[in-house]
Amino acid sequence: MTQWNIQNIVIDLQQARNEWRAQQKNLKVFGGRELPSKEEIKKILNDLCGILFPMRLGPHDLRQQSENFYIAHTLEKTLYALLEQVKLNLSYDAKYKKQHEDLVEISEIAQNIVTEFAQKLPELRRLLDTDVIAAYHGDPAARSVDEVLLCYPGIMAIIYHRIAHEFYKKDLSLLARLIAEISHSKTGIDIHPGAEIDEGFFIDHGTGVVIGETCIIGKNVRIYQAVTLGAKRFEVDGEGRLQKEYARHPIVEDNVVIYAGATILGRITIGQGAVIGGNVWITQSVPANSAVSQSSATKSKV
Amino acid sequence: MTQWNIQNIVIDLQQARNEWRAQQKNLKVFGGRELPSKEEIKKILNDLCGILFPMRLGPHDLRQQSENFYIAHTLEKTLYALLEQVKLNLSYDAKYKKQHEDLVEISEIAQNIVTEFAQKLPELRRLLDTDVIAAYHGDPAARSVDEVLLCYPGIMAIIYHRIAHEFYKKDLSLLARLIAEISHSKTGIDIHPGAEIDEGFFIDHGTGVVIGETCIIGKNVRIYQAVTLGAKRFEVDGEGRLQKEYARHPIVEDNVVIYAGATILGRITIGQGAVIGGNVWITQSVPANSAVSQSSATKSKV
Amino acid sequence: MTQWNIQNIVIDLQQARNEWRAQQKNLKVFGGRELPSKEEIKKILNDLCGILFPMRLGPHDLRQQSENFYIAHTLEKTLYALLEQVKLNLSYDAKYKKQHEDLVEISEIAQNIVTEFAQKLPELRRLLDTDVIAAYHGDPAARSVDEVLLCYPGIMAIIYHRIAHEFYKKDLSLLARLIAEISHSKTGIDIHPGAEIDEGFFIDHGTGVVIGETCIIGKNVRIYQAVTLGAKRFEVDGEGRLQKEYARHPIVEDNVVIYAGATILGRITIGQGAVIGGNVWITQSVPANSAVSQSSATKSKV
Amino acid sequence: MTQWNIQNIVIDLQQARNEWRAQQKNLKVFGGRELPSKEEIKKILNDLCGILFPMRLGPHDLRQQSENFYIAHTLEKTLYALLEQVKLNLSYDAKYKKQHEDLVEISEIAQNIVTEFAQKLPELRRLLDTDVIAAYHGDPAARSVDEVLLCYPGIMAIIYHRIAHEFYKKDLSLLARLIAEISHSKTGIDIHPGAEIDEGFFIDHGTGVVIGETCIIGKNVRIYQAVTLGAKRFEVDGEGRLQKEYARHPIVEDNVVIYAGATILGRITIGQGAVIGGNVWITQSVPANSAVSQSSATKSKV
Amino acid sequence: MTQWNIQNIVIDLQQARNEWRAQQKNLKVFGGRELPSKEEIKKILNDLCGILFPMRLGPHDLRQQSENFYIAHTLEKTLYALLEQVKLNLSYDAKYKKQHEDLVEISEIAQNIVTEFAQKLPELRRLLDTDVIAAYHGDPAARSVDEVLLCYPGIMAIIYHRIAHEFYKKDLSLLARLIAEISHSKTGIDIHPGAEIDEGFFIDHGTGVVIGETCIIGKNVRIYQAVTLGAKRFEVDGEGRLQKEYARHPIVEDNVVIYAGATILGRITIGQGAVIGGNVWITQSVPANSAVSQSSATKSKV
Amino acid sequence: MTQWNIQNIVIDLQQARNEWRAQQKNLKVFGGRELPSKEEIKKILNDLCGILFPMRLGPHDLRQQSENFYIAHTLEKTLYALLEQVKLNLSYDAKYKKQHEDLVEISEIAQNIVTEFAQKLPELRRLLDTDVIAAYHGDPAARSVDEVLLCYPGIMAIIYHRIAHEFYKKDLSLLARLIAEISHSKTGIDIHPGAEIDEGFFIDHGTGVVIGETCIIGKNVRIYQAVTLGAKRFEVDGEGRLQKEYARHPIVEDNVVIYAGATILGRITIGQGAVIGGNVWITQSVPANSAVSQSSATKSKV
């Protein structure tokens, strides 16, 4: 017998797991074990950053003359690693939905998804270039586009988001969400992978920003720290449960600026060119080119 | 002589340390060196997560059939590692209070604390299961309980908090605080280990949440990003110093929901079933089942 | 031909890079490759923390009797590593400004910068000691100065900031910014390396704090989570571009306290001893010793 | 174009590989890529050593009270890792023999091999215990059985050999050979995995020992450094090629001692209890209980 | 039940261990678990090499100007690490001899041993310098003393041996033996830590050299690969067991050269200045200044 | 003062180093610090093995379709790493010979050496293929060419030798020797990088083989363990010092076989097709196609 009475604790823990597993039956949960791995995904993301911006986010000793060698080799390796994670996500989904898990089919689907993703990389790079430019133009403190790429959490967040969104569109929600949370943990910026974000997007400072699943964001939108683009209230079904997957977050049109701490809730539209002041609370649509600020009553008193 | 005149800098730094140490005498500080190690505690926490949720947070190649082998081995190793950290905390406290440091007594106390903690693990698991369920039911974007467990910073924060709180209750405040800050750094959620939190607790998004030391939170409470449950003002003693360790944070009763950015300050009570709107500022108790929102005056103007 | 058609993707990515590089010509960008390395800087910062606070942030097995040996060896090694990063920053700047890159001159400048930095370390330590004391006195939950030093994100943020600020003053903005963002990612506190901060500074909780480039902060200032010291609006030049590098952030005088979520914008002055309440929005100067809180109209309604 | 003209070198290397691959056709070689991994096998061997001798070769912080937990968990993990390597060896063999590679069949065979191997571990431990005792009794310099187990290369060599031999018997010659060469590289002792070695075997010092594939060695045999148990000459087939896989190495019966540097060649028998002197050269059988030493003529002259 | 029937195998392995432990009672063995750690000792040896030869075997980025800082810091750290290993060896010995294990006494003895060892390091360095010179002068292929120090296995073997011998003299045979075997595994040179070796010792090539426990070797001796300085026969006690710890290996006087493959057995004396030819077999003393070679009869025939 | 009196030991060690440095003046030694790094060279060698045999010695997850990507990227990186080591060797040589150290010239020479080496890689691969074939045909125990490439220490030794020899020919003796000793430590085979070895070379088992600096070995030579191809005696100059760098080792012509333990000394010639028996001692040339074995007198007696 050990000092800690390990055996008993192990049995008690097993009992707790058994209770959970029994209870989860009607929650469509299963006892499977293969899940995408956060550690693997982190490595894949690092490599994808290097592939997209080799001379800035690639290995420190890379030379421009050999960018293509580096990219070709890393891309090949990374796509295989990604294929593995995509398969794990698909297997998980099949088990979760209690479907028959057809390994050959899963393998084919995964292959297609990864192939499409790979072909999209040049387009992603071009899109991200618009974000870098937007950040450089949008922040008076930015000294160069390189400073933006190396230092700005908002840039990291949009790189990770644009990758995550590709997998979200393929219904790989677990993989997409894992990417989003890796980014959230590093940057304090929480963008749901479902959000649709057009070119030239810039988040400055970023800590505390929350962008919901069904947001649609236009071109050249600029956002500051602690901005929430959230749901106003949650629809509840007949049994009192939250309804999932309906449009519940704002539409933000082109050229909108939203200052720090603003809270914008519900499926409303912020019209193009609008400027939303700091700390305001908005639950109704805002016309194009208007400016919203706190009412005078909210001015502080000395 | 070196290029940098190292020797002089070293002597100057020593002088600075000597000044500090002289000055700290009346602050009950000492020159000791043994402190709990953040790196060790991180490893212990990782292993505890694996022990509590082996198939989700344990090693990637674990199989369900061998959960118990893994848990038994890891638990035994982890408890010894924990014992070491507990002893370091106790030694530190003894030195800090200028008490005689009785190594045999410390060893016995540490052994008891770790034994009790170990026996509590199954209960912790059951408690955490209620948190997982609460998150799954509380977020329309959650696709499965597994997504919750793998991706949600709020879940990581509550796992770490429930562990830290056990050590807080045993007066191991340094150890407890280190656990809390490891979690804070990863999730942006800052829960003081002293806070008492009942079952079914869920924090969504979470960045910027602050929960103070003497908070008491009931069952099935839901909280969003940037919520503060803080102290209103700090009591000052006769010499103008902040008083420590008195009840100064809110009581939040069962089934309360607090939306993003709300600030609730002081030893007030948010009655059960109350709904606190986003961005509100509350310094007085709120009756049960009421809804608090910003007054119309705070509505934004276009 | 590979499964993924790697060759084509590589060529497309090259095309995207070529477009970017062509487009960036008038943005004074270049194809160089040597940049300060975030990984190297992280190691240097860890070592500097150990050099400044050897018995608290140095290696776990260090003994007080041998502090000086450890410091001498680590300092020497770290200054060489730092020299490398400073040179990379200077080279980058020369290239970026399309100046001739004089390696001998760069080497001399770098040597001088690092020598001065090294000599300033004892002063930095003394300054940081005032910050530690301020945190200990400023938080009722703090049990000891050691808990403060080991656990408080606000302390890490000020250590990193005081280091970054030294390099900012030497115009090494890339290096300074990288240090600031390493700290931001770990603590959620975003202090621009340009901010001038006097002794005894304390940020509690800290997540979401933003302090702008041209802020000037006096002695013994205390700040809580989610406080913004920002620019009110950005000046635009004749061509509609944001102007950079002019005084645009607040001056905060001695002994000011700013509670959580307050937003203070523009080159205004918060007079000494003022107390700024939580969540207020301030765009005009505040007299000394005054207290600002939300107007009653912002009180919430039930 | 790169500085090194990489592209041309890559093409030339490809040309060289193509020539080799063309030439190897009639050597029954193939272009496959899955092979057992030396790094993986090293980890498996380390774990097997810990499983067999937990308190001596297991992890440093293991406690006797928890041996079984450690063994259960490690064994489970190790057997899966081993299964992978066994499958890779079987796939390789199938390809090499240009057989159809039936993945289901391979999986079943691998499963059976690993299961049998696992069940044999207790027997292996008992056998190895006889080797440890033999070493302790056989070397006047040995202070304890623990010194033997921790320090003697001869013990490491026999542990690795007894494991390798199990896989040799299952026709996994690549896996077996890899294990043998890992041991050879560490100890300087080269035992072909095919050699049959009975209990109580001890090699002292060991550097340069070579034991051939078809050796048969009885109980309680003791061997010193640089002893060769080799083939006398290689049989050649009609086409002048070396014949493989026939009995061509010595039989060494029970209780034989062979001193350093002795060379024993061919399918001859060293009768039980014989003592073979150092540096002798033997190509004919030696009767039981006899002593062989260098003839006087080989005595050295001053 | 698991796939591999782990539980049964675990129980069978336990049974095997129980049998062994029962059987070992009369071999003065015990169930303890604390033993010096090979991994720890490897690190200590690396650091000692750096301390002894900082600019050749120390860290790659060391500068001569800061040798002393490096040495002071590393020495302090290494002596504490060594203290730990010495204590483990002493505890083991106490248990093994079934003595009472007095932790205070062990701690004092360990402290004294390490203190003495530390004070001996400058002397060790001077001694090793004579070995380096001997190697440089003794090998026509040596281009510089630095090549000798960096590349020659014979130099590594003598550094490790001179360290191991210090611990052998303090009766720490397990620690001493572990050091010897770490060296043996890397170099193929097997020197028992008990061997007494005077200054200016050089082993060229070295693979297969064996030097026994009670050897005494004079100044400026040169030895080539595969030389054995061994015991002729082992004394057996009344019960037929090998006797341990009596003088049984050769004395080699000053300035002797022994060519490759020579075997010299028993407590005989090789007189000073003697030259022993390759491959000879010697079991009787050799006069000073004589040359021994193979008799003509051993010449090979065509 | 520290427990160990570190300061005094540091000073004593410094004194010892000063004595050595003073004494070494007339040995043409210097106080420099830049030397090729064994750790770096190990990495370079691993990568070169992967470049030469991508599907066997390259990364485990490599696929044949992407060999060229892997090779291009790795080659580029490796040549830069090699360039660094070549420069360090050249700097060392310049300092050692007390020549002016012209960094630009060194850089050019290094560039040329590495460029030539890179272009030679395809030829090296072809040469090594002949060695692999020779091993496969030469050992009855070899099951496949892959087993040879993955498991045979003789193959590793010849790969490393052929690389080392290229640098030896460029007078980079320190780099060449470091490569040779890395191989020696792993395989027990000690080939001086100066040895000239033609195609189809095979060493079986290998432990203890020594091949001297000025050996010349023809095509298709086969050698067994513990064979020495050495110098007979060392020439001494007027002052009694060993002369360096003259032809002093054997010439071994095509198709020779040398069995285990044979010792062949001096600048003699083993004629083509000769077979040298095990353990023989040869100091005079041997005619072509002859067989040398031990004289009958060396037969052992029972």
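By written order: A, B, C, D, E and F. Residues from 1 in each chain.
Definition applied: a contact is a pair of C-beta atoms (placed from the backbone, for glycine too) under 8 Å apart; a residue touches a chain by one contact, two chains touch by 3 or more.
Everything quoted here is computed from the prediction, not taken from an experiment.
Shared contact partners of chain D and chain E, listed by label: B, F.
The most distant chain from chain C, with centres taken as the mean of CA atoms, is D.
Over half of the residue numbers found at the chain C and chain F interface occur in both copies, marking it as a same-residue contact. Averaging C-alpha coordinates per chain places the centre of chain C 59 Å away from that of chain D.
In this assembly, the C-alpha centroid of chain B lies 54 Å from the C-alpha centroid of chain D.
Here the CA centre of chain A is 26 Å from the CA centre of chain B. Residue positions of chain F with contacts to 2 or more other chains are 2-3, 6, 63, 66, 69, 72, 76, 188, 207-208, 226, 261, 279, 294, 297-298.
The set of touching chain pairs reads A-B, A-C, A-D, A-F, B-C, B-D, B-E, C-E, C-F, D-E, D-F, E-F, using the touch definition from the header. In the complex of the two chains, the chain A residues touching chain C come out as 51-52, 54-56, 60, 62-64, 67-68, 71-72, 75-76, 79, 111, 114-115, 118-119, 121-122, 125-126, 129, 136-147, 150-153, 186-188, 205-208, 225-226, 260-261, 278-279, 294, 297-302. Across the complex, chain A meets chain F through its residues 61, 63, 66, 69-70, 72-74, 76-77, 80. Within the complex, the chain F residues that touch chain C are 1-3, 6, 63, 65-66, 69. Per the touch definition, chain D reaches chain F in the complex via residues 2-7, 9-10, 12-17, 19-20, 24, 27-29, 31, 33, 35, 37-39, 92, 96, 173-174, 177-178, 180-181, 184-185, 188, 190, 192, 194, 207-208, 210, 212-213, 226, 228, 230-231, 234-235, 241-245, 248, 261, 263, 265, 277, 279-282, 286-287, 290-295, 297-298.
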